[in-house]
Amino acid sequence: MTRTTPSGFCRHDILSPVPPVDVRATVISNVRLSRDYNVLTIAAPEVGALTEPGQFVMLKTTDASDPMLRRPFSVFEVLRDDLGTVRAISILNKRAGRTTGLLYGLEAGDPVWCLGPLGLPFNPPSSGEAWMVAGGVGLAPFATLAEALVALQVPTTLFYGARTADELYYLEFFDRLGVKLVLTTEDGGAGVKGRVTGPLEESLKGLGGPNLVTVYACGPEPMLAAVARLAERYGQPSEVSMERTMGCGLGGCYSCVVPVKHADGQTRYVRSCIGGPVFDGATVVWE
Amino acid sequence: MTRTTPSGFCRHDILSPVPPVDVRATVISNVRLSRDYNVLTIAAPEVGALTEPGQFVMLKTTDASDPMLRRPFSVFEVLRDDLGTVRAISILNKRAGRTTGLLYGLEAGDPVWCLGPLGLPFNPPSSGEAWMVAGGVGLAPFATLAEALVALQVPTTLFYGARTADELYYLEFFDRLGVKLVLTTEDGGAGVKGRVTGPLEESLKGLGGPNLVTVYACGPEPMLAAVARLAERYGQPSEVSMERTMGCGLGGCYSCVVPVKHADGQTRYVRSCIGGPVFDGATVVWE
Amino acid sequence: MTALDMSVRIGSLVMPNPLMAASGCFGYGLEYEDVVDLSTLGGVVSKGLFLAERQGHKPERIAETPAGMLNAIGLQGIGVHRFISEKLPLLRARRARTIVNICGTTLDEYVEVARILSDAEGVDALEINISCPNIKEGGIQFGCSLDGTFGVVSAIRKVTSLPIIPKLTPNVTSPASFARAAEDAGADAISLVNTFLAMAIDVEQRKPKLSNVVGGLSGPAIRPIAVRMVWECRQEVKIPIVGMGGIMDHRDVLEFMIAGANAVQVGTANFVDPFIWRKLLDGLTDYMQRHQITRLADIVGALDTTSPAKAHA
Amino acid sequence: MTALDMSVRIGSLVMPNPLMAASGCFGYGLEYEDVVDLSTLGGVVSKGLFLAERQGHKPERIAETPAGMLNAIGLQGIGVHRFISEKLPLLRARRARTIVNICGTTLDEYVEVARILSDAEGVDALEINISCPNIKEGGIQFGCSLDGTFGVVSAIRKVTSLPIIPKLTPNVTSPASFARAAEDAGADAISLVNTFLAMAIDVEQRKPKLSNVVGGLSGPAIRPIAVRMVWECRQEVKIPIVGMGGIMDHRDVLEFMIAGANAVQVGTANFVDPFIWRKLLDGLTDYMQRHQITRLADIVGALDTTSPAKAHA
């Protein structure tokens, strides 16, 4: 992973990114995990080979004009063949509306237009442990992040909350990697009953001092705000992946802005597609 | 076949048709005959069971709004299983633009929205022989018409013209039915070189008097005009299937009009979706 | 579960639900009787009628565009007399609530057509088409001038006690000021929008796709503009608004109603799905049940502008 | 095969081809340098700039609609001074032809912004945004009044020798009369259309989808209306027209040109396909070769209205 500055104002001023590519990819498989969740694997190796943990792609299921705009999705897995060559990427998709509904329904052989990789990735922790905090479909960016962290031999924990036990996915994957799992469900069907911020706060309390863990979070915005505030309260750095309505993913439309406190003390709207989606949790102005 | 009045002004005044149905049909097979022609078989038995020769369906390949409108297609074959139960219909499709392009590209399992049957069918000949005249994709309505005519033991001939020999399809089908074939190609690669109206005129000349054959025609409008005029000149009745841009297929939009001479001597625009697509060739005012 | 009330009243016209078939998109209604029981619609708006029969424009009369279509039919129609003798008795027999869309090339023609229809049995309301963009003499000269709109509506008001519903054009800077002129002139309701003046070109042939060169754009493409216009008019007038433009499902019906429409019309969608009516009614019923709304009229104009919808609700 | 000439001239601005990136849809241009060599575009139109930095509206700022999208960004921007110091040198280094889209809340602000940009190195033309529908103080008061349009254009004309291109709103009864006012005031060209005032509602929440309630509709949905407006303006004025609204492929470019546009802008399509530029150029080249056109300018306004396109050609 390259070092980047996720809270920067404009990508072009601070780093020279890998140019994204656009591929008309073919669906390799579509595994429905539940009534609303599926893992869609698409043959977009050109995108996968360039992707860093936390980056996203913009997808479209048709070249007609309805629906017209692409939608943003974290790269869930980068899939390699036995020789290590990247062959595909997958997306952890949750049905929320039209395009996510269409992605749920795709079959092997169908085309998907895939633009990416886009956005600023997560940064590796400067020292100590990595704690990933996922709410629901917010699990998506953590499969690749976990792999990268494990490769760097960073001790890694996943705090993972869902509504019910059925909606906790890929536990074995993380287990196999050696990631410690702390699970919560809203109905208490698995792990701790309640929100994921509960056990997170317990663990933060138990830390011996500041800057011992880097907290990575992805999920609904109230969760991100709570995680960022907890991390700050206990003196730990945090990186949050923000979910905003995106029109372009490239900095063209100014739809995806997040209010960010800048070094000069001013709060300015930053385009989360190029100045994020990963932000330093301490700089985001929560609304 | 029911007797109908194809040149009528408004369907509701003159006959009580079978109400059309709308089915989300699944593609059973798609056989590409050439770079531009394909036969698409869809599981729409509800439609097929009601269809009379010359009727059409309105098709759409998406429930999104781009493309939005359905497109009209003759029912090519009504396909039955061994017990004679209707299982599917097929469409002889020629790529001309967006929807025909999409229909060309469909695969088994894809959905097609199929509304039909629509429009006035061909009438059986009151006496004598039946001569069908097809230009290019104008072959489409004649497979079912030929079957119906043969069932009525009407001696039937197909005059069939295409650009090249490769674009003459389903010859064996008609041959097997006992339909006499007269073929033409523009390049002379098969049959008589030139237009289909050439051999037609020769044959008309050879007839011993008026009202011995009924001429059925489907193809490009200049061909239809020529056929109708020839039939009239040689005293034979003709029925022509007109191809108009159609918005609805049900008489709602008034897009599909054909100028028709009425009994009162007036020429009026008649909606070809409900007052056609089959018209008495002698009543159409050719432009 | 209490009974659900979807009814709408426009003067003496009482409709069981707000769903009307839009003029020019449903023939004279009878064309659709095979696919829908006409009495179950709120109302059927006829094709635009002049005094005399008209042949309309030459083909090509329509062209598809992204999420929309252009039409320049040119108001082909059978004229008011044949309508009364040939269509009206059948519509009455099917218990359709019949709204006649009337056109004129002069003020006198509008008044004359209105008068004739007022005397006929079975007309429930008049929709005054001063907004057809496709023919020069189709009343658009009245629809693009505030004085013209006021003039034609007040003249018709004098000769009929039927509910009158001027249909406004969207091709003006401020439809709301036309809504006000119509209300001031005594209209019982307004309907909007008619189609947007537009065109499409075949670039290979470098010719217009329509014989009339320009035509009217309808369909989902225009819906966001139409909803905005209904919302603006709702701030301006008190009379009922009949909203339309690109309605394709029950959510679109609700969108117009929440913006301020008391009833809606469905046009282009009939071409795409003639069986749409049952789906719309079922969708509205489901919505009312889920939201525990017993009178659908309660959502008219109920847009809450204090904050935007949550994107990730 | 002779060389193909796609060039366009607007006053002193000479572009190698008619393809410009539309304001607000291409950031400051630099955001797209990874995906396209900026010097290959006819021109890059910057995001709308006021004198001072602006934060714009709260999210939600966009919403998708059928074949289109609404936006109410609220002209978030870095202001003219930061643009000159931070962006202009980079754009010059990339040899982009830079057209700056300027806004103002007052006549004085427009004039001031124009003056400052005229003194800066590397500005090739000014597009005067008097048509943003999303903010009350964004110049639309000038764009919806003929006097206002004349006034702002002639005031800017006095302070700059750069080509000036007023950008017209489609939300008026007659865009052609605004084109005339702009020409009379000394504009070098006009561009049209800006977005259509529109709105969308989340019916479950009964709230607007945009924080600003209303926004501007762009994308293929509006193309047929935009093409009609370009065609009307072509009959009215002699100066070059920059046409836009829903261009998604090279056929759409040709449609605008045949209707009367000398150049075009591509906005929303950048979001759908940022690699569109190469495809557009290739498509135009292919068209010129197939039709044996050596000067693309020859098709400007070449619409043949004597008969409609053959449907079954």
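Here the chain labels run A, B, C and D in written order, and each chain numbers its own residues starting at 1.
Basically, a residue touches a chain if its C-beta (ideal position, glycine included) is under 8 Å from a C-beta of that chain, and two chains touch if they have at least 3 such contacts.
Please read all numbers here as calculations on a predicted model, not as lab measurements.
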> What is the touch distance from chain A to chain C, in steps?
Replying inline: 1
> Per the centroid of Cα atoms for each chain, what is the distance between chain A and chain D, given in Å?
Replying inline: 35
> Which integer distance in Å separates the CA centroid of chain B from that of chain D?
Replying inline: 47
> Which whole number of Å gives the spacing of the CA centres of chain A and chain B?
Replying inline: 55
> If you look at chain A, which of its residues touch at least two other chains?
Replying inline: 65-67, 244-245
> Can you list the residues of chain D that touch 2 or more other chains?
Replying inline: 59-60, 66-68, 219-221, 248, 311
> Which of line, ring, star, complete or other matches the graph of chains that touch?
Replying inline: complete
>> Can you tell me which positions in chain B touch chain A when the two form their complex?
In response: 62, 64-68, 107, 109
> Can you name the residues of chain D that touch chain A in the complex?
Replying inline: 24-27, 30-35, 47, 55-56, 59-64, 66-69, 71, 73, 76, 90, 219-221, 248, 268, 270-275
> In the complex of these two chains, what residues of chain B are touching chain D?
Replying inline: 65-66, 96, 220-221, 243-245
>> Which stretch or stretches of chain C touch chain A in the complex?
In response: 66-67, 220, 311-312
> Can you name the residues of chain C that touch chain D in the complex?
Replying inline: 58-60, 65-68, 70, 144, 171-173, 196-211, 213-214, 217, 219-225, 227-228, 231, 246, 248, 251, 254-255, 258-259, 287, 299, 302-305, 307-311, 313
